[in-house]
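Okay, so chain A shows up in both of these, paired with chain B first and chain C after.
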Partner chain A sequence: MVMTRVSPRRRVPRMPRMSVLTWTGVALLVLFLLLALVGPLFASAPDARTGQTLAEPGAAHLFGTDHLQRDLFARTAEGARVSLLVAVAGVGFGLVVAVPAGLVAGYFGGRWPDELIMRTLEAVQALPLFVFAMFVIGITGTGDSQLGPVTLTATTKVVLLLGVGFIPYFARVTRSATLVEVQEDYIDALKVIGVPRRRIIAGELLVNVLPPVLVQAFLWIGVAIFAESALSFLGLGIQPPRPSLGNILGDATSYMLLGAWWYSIIPGLVILVATVGFNLVGDGLGDALDADGRH
Partner chain B sequence: MTAPHGVPTFDRRRFLTMSGVLTAGALALAACGGTDAPKTGGGGEAKKIETLTFGITSISDYLNPLSTTSSRVHWITDPVVESLYTYDASLKSVPLLADGEPEISADGLTWTIKIKEGVTFHNGDPLTADDVVATLTFVTDPKSTSDWTAYFVGYVKGATAVDKRTVKITLTAPFGVLRSHLTNLPIVHKAFVSRTDTTMGTGPFKVDKVTQGQQVTLSRYDTYHGAKPALLGVVFQAVPDPATRMVNLREGKIQIMTDVSPESVGLLKQDDRIKVHEVAAPSDIMTYFVVKKAPFDNVKVRQALGHAMDRKGVSDIVYGGTASIAQGPIGPAVEGYDPALKIYAETPDYAKAKALLAEAGMSSLTFTLMITSDARMKNIGQVLVEGWKQAGITCTLEVLDIGPWVKNWAVGEYQMAMTGFESGFGAGRTAYTVLGSLSSLNPLNFGYKNDEVDKLLGEAWAATDEAVRAETCKKINGILAADAILMPPVHPRLIVAQRTDISSLDEKLMGVSRISLPAVRSV
Partner chain C sequence: MLRYVGRRVAGLALVLIIVLTLVFFMLRAAPGGPVDAYLGMNPTPEKRAEVEHRFGLDQPLWVQYAKFLGNLASGDLGRSLFSDRPVSGIIAERLPVTLEVSLVAFLFWVVIGLAAGAFAAHRRDSFVDGFIRVISVIALSIPSFWLALVLVVVFGLYVKGVLPSSGWVPFGEDPWNNMRSVVLPAFALGLGAGAIIARTLRASMIETARTDYVSFARAMGMSERVILSRITLRNAIIPTATVIGLMLGTFISGTVLIENVFNVPGIGQTIVSAFRQHDYPLAIACTLITASVFLVANLVVDLLYFVLNPRIRAGFLNGTAR
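Entry: the complex of A and B
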């Protein structure tokens, strides 16, 4: 017997009129994405030397140069790309683990699988991300680590750390949405006609709880960029010479008082633009979803 | 918008708007700020400095000069403790706590040293042979885990007090370099040899207060046996950030700072209230290969790395051109330096590096360089990585805090390792720190075995004549450079900055890493 989808088809969220803040977010996000995705195509190699130490921003070097004579535009663009990729991968990893966990927990709301999953995730959530990161990096070091046959690079470790840190939040949102969805009549109908539980969760519930989870995930990309930057700033994240917004900012702190204002301000601004941009756009998407829910 | 109870709400959107406005405001203010213009001249009344403040990168939790040879500890304890011998103005070893030259037996296996009379510790106890014996017993005991142990192990059999004023040191083999070690090893009160919270010596200043990790306060010891210092006290203040140290120096909050970043030297030199000392000192970049494992068991691979090393890049970019290009491990401030040695070019010779790799049967090379996490090492590492990349050599940096770095280094858990070290307090002008671990019998040996080097090291450490030792070390340096063992890119200078309202520090003594605080006075 071929099953067809029986759940009520959710309307595609109709975009309400976007607020000025959302437009600002879109503009900031476009700026950041242009820098991160298009910037590296037009920039020199991020490690190439220009022959000028701490040169101010100008026509030759749009963002100036750093203390090792490297073009800061090239490094900031590459750093933004690395930070974005790490953030997206971290959020993606978090989603891959959290969504199934949240779905199962929500489906069995109040029963032992729900208790087991949620208490476990609360235990993970109780560990502050940075303390957890220091613990893991302290044991494994900042370089490559061997996990059986798999080599974990510093970048992979950051992705996994961020992902693990985000799992409880994503799982909670997924569970909440699932708890509401399982009250719907169509779920009872599916159970009555004998549709396997696995099919109900993966085929019906998943589709219907994804929109709020994805909006949440979008918001968390901004948080992930900020968290990655903070880890790299502390020397626990992306390792030199590979640039990331955080390690560029970390290097820059020693040169702020020597007059190299651009070295700190520019990567700092890029982090600000990214986090505020993702937050404002995520907020706008949330509004759109709420408006759709009200309809 | 107000909540039903009349409490104003503060949603995320409003928070973001306000954050944006505040950030824009802060940026505008920052943009208006600009940099501090260097001061020339200076208004205000000159104030006599009675207590000097010394800005240092960190204050160790272990204030025991017998545990470590690190300059971070010894800069603090140097005015507090004294050695049997000291350096005169020409860096010659002369008696200080010893009463005259040592009597060395004809076979060179016994050294008898008389102790000066009338010297007292800061608690009033007289200096006796027992204190010297306690110090030597502590540092020669491997259980003490002291850095100093490596300076005596295998050579010093023991020390005994013949009488209250005479110490006899017995050796397993002639050990002429012992004179240098005794010129650097502080003599500590016998009750303080293993204490880590403070120390007690016979020097011109005594320890008053230790605030762990933050500050150490010294005051003048009024019954000091030598010339009384002009200063009433010295405060060592931990200021980890070099830029903050520099600002503190310019504002007069500190009078001396060490670990001056080469980038700030230019700015400091423009300020006529500041004097910068750039001195050739035993300031080493220690690089090690694990020679017993591939790929660095192959001399051609190591040589390829040496030829592709961007020495000039490190000197120019990281040290502002102040560091000298290295050929071998021995630098210009150390016995055995050979200015005529030319094996590696200043700029990388990629063709030669590739040819050597090909001879070793490799088309490319990938390895990990383990470095310590200080900014200087990270900068050097990045310049080297970029240089090697041009020769098809891929190097990944593994950045570790000093604790894990030392742990991995001691057990040989690395491929190539690099860190910075000022060896003047341990080895003076001798190359003992740099070359010690190369002896195949040394516990810190990393797999290098060369019978000729072993023989020459034995001769160098046995020699009592400095010229003979220097000549022998020069030969070792040449062999090591050719074998591409211990391959620093440059030999950095010791950079210290001081305010001009105190008398000039003695640059000669900086040649052995010392900052001559007892001689400082307000001007």
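Entry: the complex of A and C
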């Protein structure tokens, strides 16, 4: 049966005027996405030997080459792609767990399911999650691990741990949006005509609560890129030969004092482009919502 | 108030016990245990049994767990499997290093962050405000470990002899060179946090400046200077205090990264090498220390609200707050 949604149509907010800073953020994000998604198509294979060890950036090798004679533009572009995918997957995993939890908590606002969920999340949040992630990977090793019938690669572990770290934040956003939404008349109406609770939550509340949650989640991709590169930098994240922005920087530490400045500077600048981009866009969104609330 | 503090402390203890239990069982379930790390390649079964017996790993898991908690309660953190020294000794040696770097970073960046935030809010929409905003967005986006790498390259390759780009001199040995070796790690560790403090203070001062009581104060003829220092700043400092507390949390992950780049022998460097060597007792102790610091910092921030915000204090006294 197709159930038409009864929730009132939202006014689409007018496109807010964006400041120079916000535009800069958008431009930086586009630049990063181009490098991560289009760059690998044009670059050579990230593992191919060029015959030149630690060559400076130039016409032949835009970002130079590394200690294993590999082209750093190819590796940085592929690394950016890997970092972006891991970040998006981590945020996605966080959402998959957090949104249902937040919806249920918000629907039962203040009653025991809410208390149970929120207290559990508080306990998770009380842990320093970077240390926790480091700990889990440090213990289970950077190779594949068996979890029952499932084999977890190092990359999967990073995705899952990032996701776990984000759950409390995403769940909170979902819950507070749900708390507002359940006050709406149409929810009462649905209850009165006997629509099952499950369908109210999964059919009506979900669709109406999702947009603000997705906006938040989008901004957390920047945080995820940062966290992934930090873990990989320590050798606890994405494992070679697969490049990621973090493990390229990790490799670079041994060569920076030999004069190979480009090896550590350029991949780091790429991370910076992404994180500044996400932060500026986040600021712009914040300002827009702020202005919305005031008028 | 006392009841609230008691409840928070009890909650903190509970979280710590959960962390410890999790840590213990994860360590035991891990492949490539300490015995393998200790024995190296191809040990004989007899040798393995002997080493397992020495570390108490041949006893049932629950006995090991009970022992672990018991030892912990009596302050005995065990011996490092790798160096065979008492863990408490290693920590006593490494923790002050981390604390020194963190404290310097904290003091320096709190002062800079507050000054920049207050100044930007005071000169709102001026050129200086725009400049501080742009710099702070970039500063908070810079991955601390990359900034550390850049500093090592700059001070190790190009600007030689000004500041040491790597290594550590203990204060007891040479106070002057100790202070020089703190500078770069502390700078890299706190930059992002300083930027967040500046942004938060600026935003909440501007928020406060819009309130009716500030307009009222102005209407009463109070000078802008008095309004700024007595009203705007005092109210805006409350959300900023939360952020300063959270900053300590970012320091924990920060020290792990920074100490590894600058080769500073603190807890952060120890934690990474302990994991690499499957040094169970040392890894547990380091995790415990970092988790405790994080939890205590959060508690202190919550309690700080009472000091900073008379309204919350009043709410507690007449029972309107929980």
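Definition applied: the second predicted complex is superposed on the first by the 277 of 295 C-alpha atoms of A that agree within 3 Å, B and C clash if a C-alpha of one lies under 4 Å from a C-alpha of the other, contacts with A are read in each partner's own complex, and residues count from 1 in each chain.
The definition used in the following text is that a residue touches a chain if its C-beta (ideal position, glycine included) is under 8 Å from a C-beta of that chain, and two chains touch if they have at least 3 such contacts.
Please read these numbers as outputs of a predicted model, since none were measured by experiment.
With both structures placed on the common chain, the touch criterion links A:I200 to neither chain B nor chain C. In the superposition on chain A, A:D251 makes contact with chain B only, not with chain C.
In the superposed model, A:V164 lies in contact with neither chain B nor chain C. In the superposition on chain A, A:Q239 makes contact with chain B only, not with chain C. Residue contacts after overlaying the shared chain place A:G141 against chain B and chain C alike. Look at A:L68: by the touch rule set out above, it reaches chain B but stays clear of chain C. By the touch criterion stated above, A:I271 is placed in contact with chain C alone, chain B being left untouched. By the touch criterion stated above, A:R49 is placed in contact with chain B alone, chain C being left untouched. Of the two partner chains, chain B and chain C are each touched by A:G259. Applying the stated touch rule to the two superposed structures, the overlap between the chain B and chain C interfaces on chain A comprises residues 21, 141, 253, 256-257, 259, 261, 265, 272, 276, 279-280, 283. Those residues of chain A lying in contact with chain B across their complex are 21, 24, 47-49, 53-54, 67-69, 141-144, 235, 239-241, 251, 253-259, 261, 265, 269, 272, 276, 279-280, 283.
Those residues of chain B lying in contact with chain A across their complex are 12-13, 16-17, 19-20, 23, 27, 30-31, 33-36, 241-244, 246-247, 261, 263-264, 267, 313, 317-318, 368, 370, 373, 375, 378-379, 381-383, 385-386, 389, 396-400, 404. The touching residues of chain C, counted against chain A in their complex, run 12, 15, 18-19, 23, 26-27, 29-32, 133-134, 137-138, 140-143, 145-146, 149-150, 152-153, 156-157, 249, 252-253, 256-257, 260-261, 271-272, 275-276, 283, 287, 290-291, 294-295, 298.
Residues of chain A that touch chain C in their complex: 21, 123, 126-128, 130-131, 134-136, 138-141, 145, 222, 226, 229-230, 233-234, 236, 249, 252-253, 256-257, 259, 261, 264-265, 268, 271-272, 275-276, 278-280, 283.
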